[in-house]
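Got some structures for you, see below.
One chain, chain A, links the two complexes that follow: it is found with chain B in the first and with chain C in the second.
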Partner chain A sequence: MSGKKGFGTTLKEWIFTTDHKRVGILYLIGSFAAFAVAGVIALIIRMELSTPGADITDPNTYNVMLYFHGAAMILGFQIPALTGFLANYLLPLQIGAKDVAFPRLNALSLWLFWMGIVLALLTFVIPNPPDIMWTGYPPYSIVSPGNTAFYTFTVLIMGFASIAGGVNLLTTIIYMRAPGMRWFKLNMFVWCTAAAFIIQLVFVPVLGSAVTMLSFDKYLGTHFFDPSAGGDVLLYQNLFWFYSHPAVYVILLPMLGIMFDVIATFARNRIFNYKVAVLGGVGGIVLMSGEVWVHHLYTSGMPDWIRIGMMVSTILISIPVGICVISMVGTLYRGAIQYKTPMLYAVGFIFLFLIGGLTGIPHAVAALDLHLQDTHFVVAHFHYVMAVSGTFAVIGGTYYLFPKMSGKMCNEGLGKIGFALTFIGSNLTFFTMFLVGLDGMPRRYFDYSHMPELASLHQIITYGAFILGLGVLVTFINWIHALIWGKKAVDNPWGSKSLEWTTTSPPGPGNWAEVPDCTNFDPYAYGED
Partner chain B sequence: MLIRRIYMSVFLLLVTVCTASTSFASLGVREPEEEGYHLWGVSDPAEGFHHLWEEVMIDIFAIGIIFSLITIYLLIKYRRRYEGQEGSPPKLTKISRVGWVLIPVFIFMADDLFIAAEGWTLWNTYRTPPENSYEIELESAMWSWNFTYPDGVEAMNELRVPVGTPILLRMTSRDVVHSLFLPDFKVKEDSMPGRVTYMWFLPKDAGEYVMTCAEFCGVMHSMMHGKVIVMEENDFNTWMAEEKAKLGKGGA
Partner chain C sequence: MSNSAVEHHEPEWEVSPWPLIISVGILFLLPFSFALYFVYDQPMLSVISLGIGTPLIVVSIIGWVKGSYADIAHHGKEPGYGLGAMPFFILAEAFIFIAFFGAYWVLRLTAPEWPPAGTPHMASTTPILMTIVLVASSFTIHFGEMALAKDDKKGLLFWLIITIVLGSIFFGLSAVEWKHLIHSGFSFDTNLFSTFFFSITGFHGSHVLVGLSAFLCVLFPLLAGRVSHTFVKSVSVYWHFVDIIWFFVVSQIYFW
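Up next, the complex of A and B:
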């Protein structure tokens, strides 16, 4: 056998792969492609909004771009990057498994996801692209000239991919842990993704049914959401948010998980109050995730009693999230913190998540939300709590796993510059957005000529967005640079005690030469040797 | 069998927690039947909004600043001082473990339920229009706001109201979901086909205010705006009389 393989052979190996590491990396490429396109779209949207009136697009194109930005960022980037890439790559390595439970099913969900990405990107090619926002509320999505079926199929395909991935990785966690790897020895990331998959499995079918009914209404003449024939407009909104609020926790939990692991590694410390964070924090979020969705419908004419009931439960969900954050910050206590790039992203994550979480409280109070709902204030809030926090978690997690995945080290200097730019850019963009929203700027607006006094703040937001974009660009350049010219990485460059660092970088097929024995293993055994 | 038992106990736990916390929060709520039930004695929702907003802002800024200072202190104090330094994790006893859950949970819970009770009282103000409200019907359409006054006078995109009178809007929609947003009166509510929703506000000063659509409704969503024109009582009556006269001519 000659040492060099041809490009065709390599490509074939990657396309037909069932290896969880390659599947994970292909998820990474797909989700970052969606992120890059949706990010450029966001910059165009910001350029349009920097002055009142029409600048560079027209309302139709603008609405299609907003639809794409939302759908691609949530369904194409956040969920696949966290539960596809990170979970597929890291989870079997952290529990000491050779692969996932059903490798072929894993490949199927990967290629379903890629189909979804391609379908989403086709938005800009087809004649009547959907302009119904990623929420797709009827009756607009039924009367709109845009192609609602396109939206339905994108959501359904991504949904199938999530369900297949969820079944697969939950089975892996339950049945394929290495000998001696007991439940309370698992990494926080494993617990958090397991929780996220439980939420996925319970709630994704509801979204599937909602978008299917939507297309039935539009193309087959049913009347689920048509009040003139006995249907109900609010039914869709309830079904949609019954999934889409828990989807926030599907994104939130893995990002908490990866940040826990990064912080423990670089603070050289145990997770503070580990069992409580698992049972009270992660478990509490799972239990409460399904009973708060009406806070998206405070202004939608729901009965008053349910708006109030869900207001109380929404405010109370700050408790399990608070337990997680206390554990995270507690992990710093008596640590020996080393500020490498992944840790910087974790520190940035704590502060961004704090701002995002706290600005959730005025939203949760129904009476205050009557003003804030559907303004830029809520846009800023969810960008803090899931968009930039999630991006920080994914980028930080990728920096953390980069030596393991590629066997190369990233440039620390470029990493730090990228971090500084992203952190400043995020705050400049989204903190200013709070102010604009509070002054009454509604979301999904193409033009704000009747509120011209907001123009100067909008300009600051646009500058911030470009700084953020530059930061992400520096990060991408750093990764590509490291892939080609990076220094060779050792097996455990961060000195982590987690199981994934005991194998070679990158791990060979089957991950370990022989299955590791975890009887005396502890993923957070810092400071005890 | 076991799974069913676990399922039942989780379900019962959830129901208990929700009922208990909702009823506990309701202890602090003042109901509309009570005399002077409004928060801070304010019967104007927009003014109540400002009070509660200030309170919640103080609350979250206090939490945020305390939390950030602690985090920054830990980040600086426990940085790595020499090559190969390891952390020395604190050994938690069982009591301190439980304490670290219960104390923050009770602080959070007390704060949460306090805010919930106040928010609930203000909510009652928002959702209980005064007896003497002036009732106007609204039908939204792509892309206009169509108002009908009690005497059949109609107006589009311009809501003229007398100063000092609570205005109650009964809303529905001809086509898709819209949301009437009055930023200066701190209120919005969706209007949709097949349902009638309502909201009320109190115009206190004469002038012109922005009215705009907050629920995505198509190409012209951001152009679906109008004005709330708050007029002196006399001006409003004159205008109303003129409109009625026009209506009479049109009908004759």
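Up next, the complex of A and C:
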């Protein structure tokens, strides 16, 4: 597209880029590729489950597909899309930096993430693919003929990319803010991603250690998780969830952050209770994120006093999360709301996140969770609270940033159709899953011939999944359409007060001609002119 | 995407091929060679994969370091964010060891008998010697740093070489000890203590190796007369961290 440059130069400038915006866009492409493949796999899983009995796959393939769907969606889509794409693209622009602190390290994170995607995709071509879910619980992951090594290395490579990205962007936030950009002038997105990166730095290495021990046990014959030699299987579950529960907050916080900014922009309003949301909400989530993981293990065997302690801390963490949601809804109050496509996704996000959050409470209560554990109710809960909420945040955020990234406007009509389809599809799929789960449908089952009465509900779920898939397809078509035929975007199409909209669309190398002066800047100064 | 509208900016997009090349190298060096050897039983292919990965990584590191020093020479001064990033990096590194030590403490404190059957008597001379060598190397790199603060590049070179020698001696002692233990029948899979002994000393050893490689990335440019204050300080902080972790290793694994 660039007039004077040849294709080779353009290609070189993209794949060897160290610019944070291009790194962000390459993260976007990679994570949506993972999302698309894992989404198609989810549809195959749903087709298999739409009737009792074996239909289109066999049990082993089904396990491999469950592994790929989980690993690719969480490690390949959610975390890279939120902490990779959104944080890389938006964060330096919002703090007025020319780039991140270590541009080359940033590119290394990006390409390691892509190598992780390659490893995950190899699942479909290698003999003995991993079939151990994305959790990789021993003893099955140690005795299974599947390739546990690829699971370990996917986690390690993506984990290293996350850690390098976290170190990089935290340093950027601390040292590279524009002059006059004081801490309490930062966008909510900056606060939220900074918090997410702190959580990542503390917890990702623990997951790395856990999966390393797993491969050591399987391939070098060590005894970390081998009860016959004094090891402990539950040790893995504890180490794994010690990371993987905070990982939910790594996903949640950037999601809240981008939705805060979208809501403030389209409601033309200040963030309600900004300081309370930052210190109490975001800060509270960081402080409490590491004290709740045992609620994943209520049925794994533990003393009652730990169950009760973890039940209390799990219910307590809904307070900081609640503070954030109250701030979001409060920002809407008496705002001049415009329902553009990104805003629709933000409102949809609040709705889905509320359902997800409220159905989390029965899981926090140990007595109820003993019944719900490992049923489709859990599947529905975490798909509401992180899967579809996260997807809505990423799609909404992409719509929001699309004019800035590409210099083109998306079609509002197609955007709204896409939103309606995804919203209806999500609720049809996952709300029905709650009902199936309450009726006792176990998760991860390939066949439910022993409970044929659930077949009609399962069919509804499958229809819902296809509606959701259609919505995502419409969204992708809209973006590609806009890239090629979209109208040219002005620098600030949404009328936002945030710093990223003061530069050109798309921004060139270095973001601004000169570093912006932020002495009199306020990202949420609506209603003052 | 067009950037014709942004002529008033810096005209060029910054590029570096090394991040992509090093990532491909890592893909071949670690997952492919490991899986080919251990999962698919193809030692020959595994070696080939190592042979593809290693040069890619070495070349990229050299290119990357050269590029960094060229940047410093080009801009005249260093931005110096490296030192600011070290606390975050070390926080993450510390949690690798916290996970391993946590697992060790949990399993050791709940074990019916300790040490488990099959554990040989460990001579305490080697760990004491290793401690002395590593602590000394922490001091020598600090002397090097002080020399650099006075712009005494020769002093830095002197102390840096001594540090590299001490670090290599430490690594060598560790290797000899491993060889001796494995030879006497105490290996990765012997029992629970061997599991933790080899994994924790191994992880610590790998950190020593990373530190030594980083020293080499200071040494070669220094021989050509180029030096980065930030890089020297950051590597030094990392080395002190490796030293501190060693105190945990030696007190928890050898002398408990």
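A few remarks follow.
What we mean here is this: the second predicted complex is superposed on the first by the 526 of 529 C-alpha atoms of A that agree within 3 Å, B and C clash if a C-alpha of one lies under 4 Å from a C-alpha of the other, contacts with A are read in each partner's own complex, and residues count from 1 in each chain.
The working rule: a residue touches a chain if its C-beta (ideal position, glycine included) is under 8 Å from a C-beta of that chain, and two chains touch if they have at least 3 such contacts.
Model, not experiment: these values are computed from the prediction.
Shared-chain residue A:D232: touches chain B and chain C both. Of the two partner chains placed around the shared chain by superposition, neither chain B nor chain C is touched by A:M409. Look at A:L435: by the touch rule set out above, it reaches neither chain B nor chain C. Once the two complexes are overlaid on the shared chain, A:Q338 sits against chain B while remaining clear of chain C. By the touch criterion defined above, A:A420 reaches neither chain B nor chain C. Touch criterion not met for A:I44: it reaches neither chain B nor chain C. When both complexes are aligned on chain A by C-alpha atoms, chain A residues 231-232 touch chain B in the first and chain C in the second. On the side of chain B, the complex with chain A involves touching residues 10, 13-14, 17-18, 21-22, 25, 45, 48-49, 52-53, 56-57, 59-60, 63-64, 67-68, 70-71, 74-75, 78-81, 85-90, 92, 97, 100-101, 104-105, 108-109, 112-113, 115-116, 118-120, 122-123, 125-127, 175-177, 179, 181, 183-184, 186-190, 192-195, 197, 210, 212-223, 225. Here chain A touches chain C in the complex through residues 1-4, 12-13, 15-19, 22, 99, 101-105, 107-108, 110-112, 114-115, 118-119, 127-128, 147-150, 153-154, 156-157, 163, 166-168, 170-171, 174-176, 201-206, 208-210, 213, 215-216, 219-224, 229-232, 235, 239, 405-407, 504, 506-513, going by the rule given at the top.
By the touch criterion stated above, chain A contacts chain B in their complex at residues 59-60, 63, 131-133, 135, 137-140, 143-144, 227-228, 231-234, 267-270, 272-273, 275-276, 280, 287-288, 291, 299-301, 304, 307-309, 311-313, 315-316, 318-319, 322-323, 326, 329-330, 332-339, 347, 350-351, 354-355, 358-359, 361-362, 365-368, 370-371, 373-375, 439-440, 442-448, 450-451, 526-527, 529. Interface residues of chain C facing chain A in the complex, by the touch rule stated above, are 1-6, 8-20, 22-24, 26-27, 30-31, 34-35, 38-40, 64, 67-68, 79, 81-82, 84-85, 88-89, 91-96, 98-100, 102-103, 106-107, 110-112, 116, 188-189, 191-192, 194-195, 198-199.
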